[in-house]
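Next, two complexes with chain A in common: one pairs it with chain B, the other with chain C.
So, the complex of A and B:
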């Protein structure tokens, strides 16, 4: 009995060991495959990199919130710089970036470079760790002023000092739709807000449900709803009021903001307009943001407001193109001439002034990097860098977003919740917008509650 | 500690008990008692309850297992319980988990082993020595010290994270395995010492004193008298510690960061969902891959585990 039991035990262990070996063997094979792919892409002209000098033997550590699979494209985009200077880039991606970065700074263990996804977070880093955040060196300032618009430079500036340069960018003022379904139904792409509302009504009259939306996103539930409000504030109140609102020069519950939230409510809290294929108004709060637009290819809804990076969530079998299965149009302004654009991006912040760190920072703010990144990226990335060659952007929706972003016709504004203090921007703004949808909390109550939570200092 | 006279009586008692076991009449009595106990424990109601609990606790795991083999579209649209109606199976999730990363999956797997094994051995070795001292060596301030060690258990590990990391940075250890080994050892020691001390205290003093009378020193008593008796206790604590370290994300994330050189499997699994959480369909496959090793350890050591749990209550 005992002997048998022992033998069975050994068999389990042996089977486990076998499995472990098998796993190790398999993953070893995967590694080699990756190496080959990189090997073929190395044909680099090093003339643009001579200014950085020889950095062989040096290492720059990078800490970001960008993880697999996107991180692979990030790492590949550094290849020309690595090949020409000999530097080593130690890339660390973590989804807990925003919680871990302050921990590492407090403990005195900062990375050399971090990609900070919100200007508001950058501000609090500079305020909390003034000795550790390093102002941008001259080479980076030169790049920033040459290749970025003043607005973008300002997002990385705290109290008149440039700390961070933009890395990637995205555009949020998009409405995803199905070009094929629109063609079949004979619908036109709206060019003003009124036309958008007319289209919604027409879809209802034709027996459909126009909009689908979802704001569930784990700890960050509510953020897609904040983008809705920001987009509409830009349209109904204008960019100037938007800036005052974001910087808290007018109260959060200013009458103009109440009006904007009411306009959002005409869509999101209208049981006729939402929530195609998912349920009633309340279902918006529980629908996962990255799944909620699946009704468009499934034919249960027609319109979904989301950023250009939503394309990563579409099923691989769907073609993202102007005449394909899914595509996005610009969320129209109040009139055809009024073209505000909401977007966001990440910023490169340094915590060291070693020469190799400065060189890498300068490389990341240069068009060489932007073009290198675009050429290794399949979809979901573009930059505000004006040296970026649009031809290198592969995905049509990214190309469209880049065109809008660099066009003079459009007035760009950075995502407001990313610029507000953390207590609001990643706190009450999210939770109150969720309550607005889930508990049918009134517009005034929601905005007053957020106003009350704004830090006094 | 104790005076000489009662301990001699205890030795006598122990010898009588040892002799008594060979007498057929007593054996029968013990057997009767065992049968009665068995009857009491294994009533049909208890069995039914045990089966219900077992099923209730296994169903989510089973659902996770089924989900891990379903294609992305199916996972998104329907629950795993619709599987019989639509039995589509794919290994794509597993291949994404194993080969979808820019770093080989085996790196994280090996890291997890390299972290876990010393993080189990170090606290157990130290705790055994400390527990022996607390249980069998009479020194001044022993009780106060023991209460102090025990009291350390109430300190939540979260409050120690930043001060510890600061210390490691000062010592130049940041980013190495040492930070994780030391941290896990520190966090495990109070409970380990307390548990092993209680196990050791339960061993009849007569055994230790008999050995002492025969001229054995502390080292000999520790290794030859106590160690064989402690195996179940050590094994059960080793399983606890192994599972805790293997499944730990917080300590690894804080001290090892996301650096691929020292990051364990849990850090990788936490990032599987992707930058914006769009990849969650491969999470179930990732969870299963990371479950394999703890499952093997548990199955291999479970008989010690059960014995270890009972060791404190009933001594044969």
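So, the complex of A and C:
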């Protein structure tokens, strides 16, 4: 046991040192953050952890879809809790998480805690395994209502019972671009949808291809295209229609959705506007989503709609900053006052009510954890926890995303495909959107095929 | 999580080198003790009842097959008659969906394409190659080259071929990174999206399987060709048979049992093909096959009933091949 702890300690110190180096290399004004990271690791103030009691000798197993290298930051962020309570966290990340979790539950071998990345998946887990998913204990409910907005609490609630609390969050309504190239070309950041389209036309007139997109993602191919449609539904039809659409109160192929898909098509199916550096419209289907924006620093592409976490895919030599090599602007609404925001996150779900599991669940929903996670994370993470200190977030794009998420001006909506039943949200929605670009399937046919696949029960 | 006793913990969690070595010696000692006990026990009784020997030999196998094959097989057939969550009995609805809906008909059509093309082409290529290199100077080198892909895992081969097919547009500042498209560009043609347009894309996936399996066919058939008695070949030559005639009338009939085994073995492997499709297209662009669709339905979309139905269809499709294979094996054994 001692060896284990020693190794963890070294890892944290190493991570802290690495962070400080990284910060010195690429960001101004973030130095306090690096200092803090080492501070928390070395001299943990245990007063906030007394309520959890002494948990030494106990183990909590965690099963997640977060794998290397992000998993290291996850594990490091538990360190204060581990140090103060003596508990051991047995962390297991898997790329096959969504397929394997139901298998483990069916086999009667559940983890203590799982990070479920979709509210729709949580719903089907509660429906399929009602005896195994454990409702949140009172300490967790208290944390959830204190530190999260009602919306976020609702994403983890099924039929009036809170099961899961939010872990991380992300914002998807971003368009990545190159500030340096924009400055050279004299382009302005658009603040309305029409300005965005004008800018695209301007780029075409100047001899460029404005947009690049890629939706290939192994057997999850198609998901980035669903985000496009969701973002545009929020803009052309509004948040209320969006909610009805996600909950299937209106058909999937409602005329307003057809119109939204048409609007997406004005960009993604327009051979003049896509696919910078990657080919024609069809090439969107085969371009790997995590490499599809490489044309922006190369100058073969100008605009790429993707979430804040796309930052992880940029070459390390690129500076991500408002005046750097790459950065992102908010995907504008129809008017300047209309500011819908699409995002997503993971949810901590428990399959055991042992005291140490409850304690860990409470810790993960507390600001102590959010701040601990922020201080060991270089980029690609923030949370909707209102106790999170924005100063601890190091990446400028994460900081911007967190600002938008917590701002009253923006109307936040959770990723729709993540809330839909699996047959749609991780099935036909992906494959039909893929067929939409790959085989030039028509807007109406795509949407009615998805409508037809919506489960009847 | 169960709390382990200190002994279990000592046995399962080794942190330093000394501890690991200690564990290794414990394991070796354990092995010696168990094996010694078995050997002693085997020698001890002089007279055993006649049923003990067959039970001791067959028992574990039957138990293993029962738990690992028969029971899951029956469970799958049973599950295929229920709805997505396995709660309501739906009769044959899942099979109606699998055969009736257009998207699944494409899956069945693709599987048919695979199962017809891969065994025939792979066996043909392997056979022609085996005949051509037979008794030439480069025989070993040539055989090794074709056999090499067999040593590469399906996923590895898929990744290699995905790079071969990789597409980049014909624009300035953009370089091809796929071998095949670079060749096209060099001879002045447009680069192509090989994996995108059905049904041709399935052919490009099938090529990968043929690339892997041709080596297997070649090895087995080459051995069979070498086993053709020299007197038959000589007699045929005296009767004036050469080239194609020799191949058609002597070589192929003589190695017929081997050909049947090769074709059916490859066909069975092809029916189960999953890795290539999943790695290269993920079943998109109309390339899915039954095994891939079964995984997608069962584990990703969680339509357990439909997934089970697809598994059963796959099982039923394999049966005639297995029966034919076993019968041919028996026939060739009778000849011997």
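We take it that the second predicted complex is superposed on the first by the 417 of 457 C-alpha atoms of A that agree within 3 Å, B and C clash if a C-alpha of one lies under 4 Å from a C-alpha of the other, contacts with A are read in each partner's own complex, and residues count from 1 in each chain.
Operating definition for what follows: a contact is a pair of C-beta atoms (placed from the backbone, for glycine too) under 8 Å apart; a residue touches a chain by one contact, two chains touch by 3 or more.
Treat the numbers as computed from the prediction; the structure is a model and nothing was measured.
> Examine A:222 and indicate which partner it touches, taking first as chain B and second as chain C; both and neither are also allowed.
After superposing on A, A:222 lies in contact with chain C but is clear of chain B.
> Touching A:207 in the superposition: chain B (first), chain C (second), both, neither?
In the superposition, A:207 touches no partner, neither chain B nor chain C.
> Please indicate which partner A:186 is in contact with in the superposed arrangement: first for chain B, second for chain C, both, or neither.
The answer is neither, since A:186 touches no partner chain.
> Name the contact category of A:65: first (chain B only), second (chain C only), both, or neither.
Only chain B; A:65 stays clear of chain C.
> For A:426, decide between first (touching chain B), second (touching chain C), both and neither.
In the superposition, A:426 contacts chain C only.
> Looking at A:103, would you say it contacts chain B, chain C, both, or neither? Reply first, second, both or neither.
Both partners, chain B and chain C.
> Where on chain A do chain B and chain C both make contact?
Shared contact residues on chain A (touching chain B in one complex, chain C in the other): 90, 100, 103, 218.
> Along chain A, where are the residues that touch chain B in the complex?
5, 9, 12-13, 15-16, 19-20, 23-24, 26-28, 30-31, 33-34, 63, 65-72, 75, 90, 92-96, 100, 103-104, 106-109, 217-218, 290-291, 294, 309, 312-313, 315
> Within the complex, which stretch of chain A touches chain C?
3-4, 57, 59-61, 90, 98-100, 102-103, 112, 124, 127-128, 218-222, 275, 277-280, 282-283, 285-286, 298-300, 352, 422-423, 426-427, 431, 434-435, 438-439, 455, 457
> Given the complex with chain A, which residues does chain C contribute to the contact?
1, 3, 15-16, 83-85, 167-169, 171, 173-174, 193, 195-198, 278, 281-286, 296, 299-303
> Enumerate the contact residues on chain B facing chain A in the complex.
Residue positions touching the partner: 72-73, 76-77, 98-102, 104-107, 109-110, 161-162, 165-166, 168-170, 174-175, 253-254, 257-260, 267, 270-279, 289, 292-293, 295-296, 299-300, 303.
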